[in-house]
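Naming follows writing order (A, B, C, D and E), and every chain is counted from residue 1.
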């Protein structure tokens, strides 16, 4: 790679040297971050456990050991996995559907600014409606099955991804668009080769913001009509004044959120591999 | 030779708040097919605006731009335009940036790879194929842009200060390369530069613009080709032309 | 759009508001396999939280039967005259007024009216506006000539037990009007005490009143006549079991309300036998009391007649 | 403005001409958009009204005329204004608090990427918890008054503004930051003169996305524990099967959302006045 | 004269995946106070990297950079740097862009306004105060950057191809302006250019860089000032120097 072709009269080729980096130099950053997170978790749990009976009212805050016990119990009698599985399915379906639709809509509408301006207040109005208030309507229209919950999650995700993608699209450098037009690119080329990659950051922010809301959407759906899923578990535990149970479910939710977030994060890194190191997440 | 590009009583003004900023006023120019026209003019006189209009990137405020008699309303792939500012895709490496026009034309991948390699070598960037634009020096980025434009095999080339950021040696090499490409190819070239010497070295015809795109001077250059810079510099005919251009530029600034 | 049932034949989808004591018979019948025995399977069993949602699910065909309180059934019949009652689950008004453990409240021996007057000017937590919990407070206040909108501050806390107990414990409200078993839970957790309990007999006028009910629509009764009949047989059997075999039922109750303090459970199993009728039918008197109660509290303005809403086979003679 | 100073030997000054634009050329775009919106509203309402009894179950969807009647009724007996006022106060307070805190945190944390990476999963986990599930805790900690609702709204808004601002900050052009460093600018100068203006787009997207969630947060708060406000009205109407009442409240909420959105939009225009026309909202 | 800037056995490599891309290797240079050093070199030879190191924008991989004996670890306000690429704030108009360094220094508003107006005039942008960068031509943007740098009154100026995008006339004007500012002010100037003529016209000393920043030539230019371009071009001493530079550049490319 560092040898110039024989007949080139032009400037010198790149001079490169292999970099020897120790394992620590390569992975050190990641490891430090992981360890810091772990430490933080441990500290938080310890403080919680320690202060649980002293400062807080344990009936409402529970404590890590009790939550852990509950998780083990649920794990043993299978309650945990059956319900987690149901909710996970709703979340993933809702997230994928909602973000695909949101990205597409953001993409299309932001390229048609007039239409976007006309529709904007309607979208906002629609999204300002607390979905729980419409629960009866949701039930009437979509029943109480998985569909309704997937739809609730998707609807919430849609909006966030949509607005962020649209903002990303509007920020695209005109110069780059013009460059593709000069190459004879069609609208499709512009969309795929310029707008898509350069609005990625916006879209990814949308995805990241939407992760928690996919969970919330699905769980709210389960609270609206709970027959299974983590929302049902929360509801059930709360009705029995079983705070440890409520928190145990929330822990599972947080883990799901972290996993989804990880997926989005990996995607983000892959998409942003051209960026200078400082600008990467 | 027949005119391939025709600008007729063209005006362009940009809107800023409630004012129109005039960039070109009542501008008329004809460019013949297979000609090499160099354009000189002071900073801000409207050269880039003119090229933007020729390329169909922006619409004129009044007047018409035609290409082979057809009005230009949008960019046409047969017109290649190397803009003054960088428009490389930051997320594509050098090779993929250069391949882009071919991707759009639907050239198959192996052929693309081959052509790109050829052009990378021609602009002296061998070994930098995998670099992203931000990892290149200013001159290198310029060369990538040049390669990207050339790879589209345009019939007409619009070049806005293509060699401004390059060193003398490389500039000479690429000028020679450009002339080699152009000669006998039937391509039409409109070349904007600030360097009078470059204008005289390359052009069949030099157009000097004054304020708001007034044509101060429009002159055939009949120095025989090949023209060697070193010899020319001491040639009295050349020196006279150089003076004439300098004077025209100075006059353009005044009016 | 009235939609037909979404459940296949031999299957009934039964929704209920929550896991309150009122719906214990359903649990017993389910656990002991009575539904299977009678030839019906229960499909979806959503907990819907509010009467409005039970009604919505019923009308959309998502559920065939809804278990709720009389208020919900009457509300639904206000917008849909084909509403029918399908089973009487609790024949007592199973909402209690719970007050915080702080001293200053009149004791249980004081007359009812004095205890009610002591609520004046207090913050009282209820499940929501227009609910049976609000209705009880309104009813009690009216007894002593008070008005809920001026003489006390009613706070909606939603149907979640822990939120209600939280509000009481942290002193955000002074009293709660909530469904059973909140009083028992509050007492077991030392948060408060059962202050006025119609189910316990504190309010003589409410000694027998249809309250926890299963309701449905005429269409379902016709379309799924056999399944509904099987359902009713199973529930009836569960109610008989509760009355006749208390020892068998206690572990079931503990399972139903798992996590509840044993002391509270013991108290509950007594009460449950009092509350749950021996039969699933509705006596005219207990229906009329319910109507009178709802009329008194102003929650409902149009009432179906006994004949209209109670199917022929559920009309029984008074106790 | 178009005359060069006498002693300047340099290039010519800008040549400008006043542009005469008719009222229509100036305002035409805005007017068209407004009219299109109006037309859309009218069409939607007409379709709704017309189809209400034919296609839908009016018990759950109500119809515009009934909603209008209910609004008038509420207006006359004052119920509407009293409750709207309560909720509006919560929303505005929550929005202002949440977005100020979110923007600040996004700003600070994105400038400290290590810390950001460590905290990121915790923030995500926290946000994935459906707030209704924490209702008991909220009640115990923050009571049932206005505070709790403002806090709920602010918490929701915080997250959205935070993540969007942080994304905006990370996208800032390094070249511009370097330019300020070259001028001897302190960290503060960099923050105020480069990062703040260039992360504005991100922050504004955050604000825009957050508007509906401020409303939802406040209303959820009112659903959790309240005796006044629009959430209470919804609850009350729903319990009485008064769908027209529910929708009437939702209309009021939508109007509030539209107004808030308008404010954010104006701010956006003001901030983005340097952008080329096509890139403006 | 004492060295004000000292680069000692400096190396810089950029990390790309698992490779180090060498931009400068073992580079040593001293720049005396109040000197005017012009730097020539082929595209990609490391000129901009060198200036970035001098300005303290990037840290060296090894070696030291000192300013008056102190190591440079971060940018210092007494060193002004006009970078090769545009770094105007797109949300500030011309005037406010130029005022920025003064804002940072805490100069009061009326004084800022005055100084900015002065510099706007000096770079020939009278009448464009309210324009945003995107509303300017390429050359105009360059001039705004120049004005912005000058307004900070730096003790040492680093200029990376400042006049590359300007027309001959303006270039001459601004060169004269720069010399006028510099002469007798005691300022130190490091001026990167691609134009040999410009290098010879301006510099006290010309440094020609080869691959990876190898110093191919380092030479005092003792043509007496003022140097007029037109006269110089025919001066045999000048022509010889020009040849020498060309040869040095060619050699730099080979090694």
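The working rule: a residue touches a chain if its C-beta (ideal position, glycine included) is under 8 Å from a C-beta of that chain, and two chains touch if they have at least 3 such contacts.
For reference, the UniProt names are A, D = ABC transporter permease; B, E = ABC transporter ATP-binding protein.
Note that the structure is predicted; figures quoted are calculated from it, not measured.
Touching chain A and chain C together: D.
For this pair, chain A with chain D, the centres built from the Cα atoms lie 21 Å apart. Distance from the chain A centre to the chain E centre is 47 Å, each centre being the mean of its Cα atoms. Each of the following residues of chain C touches two or more other chains: 52, 55-56, 59, 160, 162-163, 165-166, 169-170.
Residue numbers of chain E whose C-beta contacts span two or more other chains: 21, 42-44, 85, 124, 131, 170, 253. Touching two or more other chains at once are residues 11, 14, 57, 60, 136-137, 140, 223, 238, 243, 246, 276 of chain A.
Under the contact rule stated at the top, the pairs of chains that touch are A-B, A-C, A-D, A-E, B-D, B-E, C-D, D-E. Taken in their complex, chain D has these residues touching chain C: 55-57, 59-60, 135-137, 139-141, 143-144, 223-227, 232, 235-236, 238-241.
Chain D meets chain E in the complex at residues 1-5, 8-11, 13-14, 173, 175-176, 178-185, 189, 193-194, 197-198, 274, 276.
Chain C makes touch with chain A in their complex at residues 6, 15, 18-20, 44-49, 52-53, 55-57, 59-60, 62-63, 159-163, 165-166, 169-170, 185, 189, 191, 257-260. Interface of chain B with chain A (complex): residues 55, 57, 74-77, 79-81, 83, 85-87, 89-93, 100-101, 103-105, 121-128, 131-132, 134, 152, 170, 173.
Taken in their complex, chain D has these residues touching chain B: 11-12, 14-19, 21.
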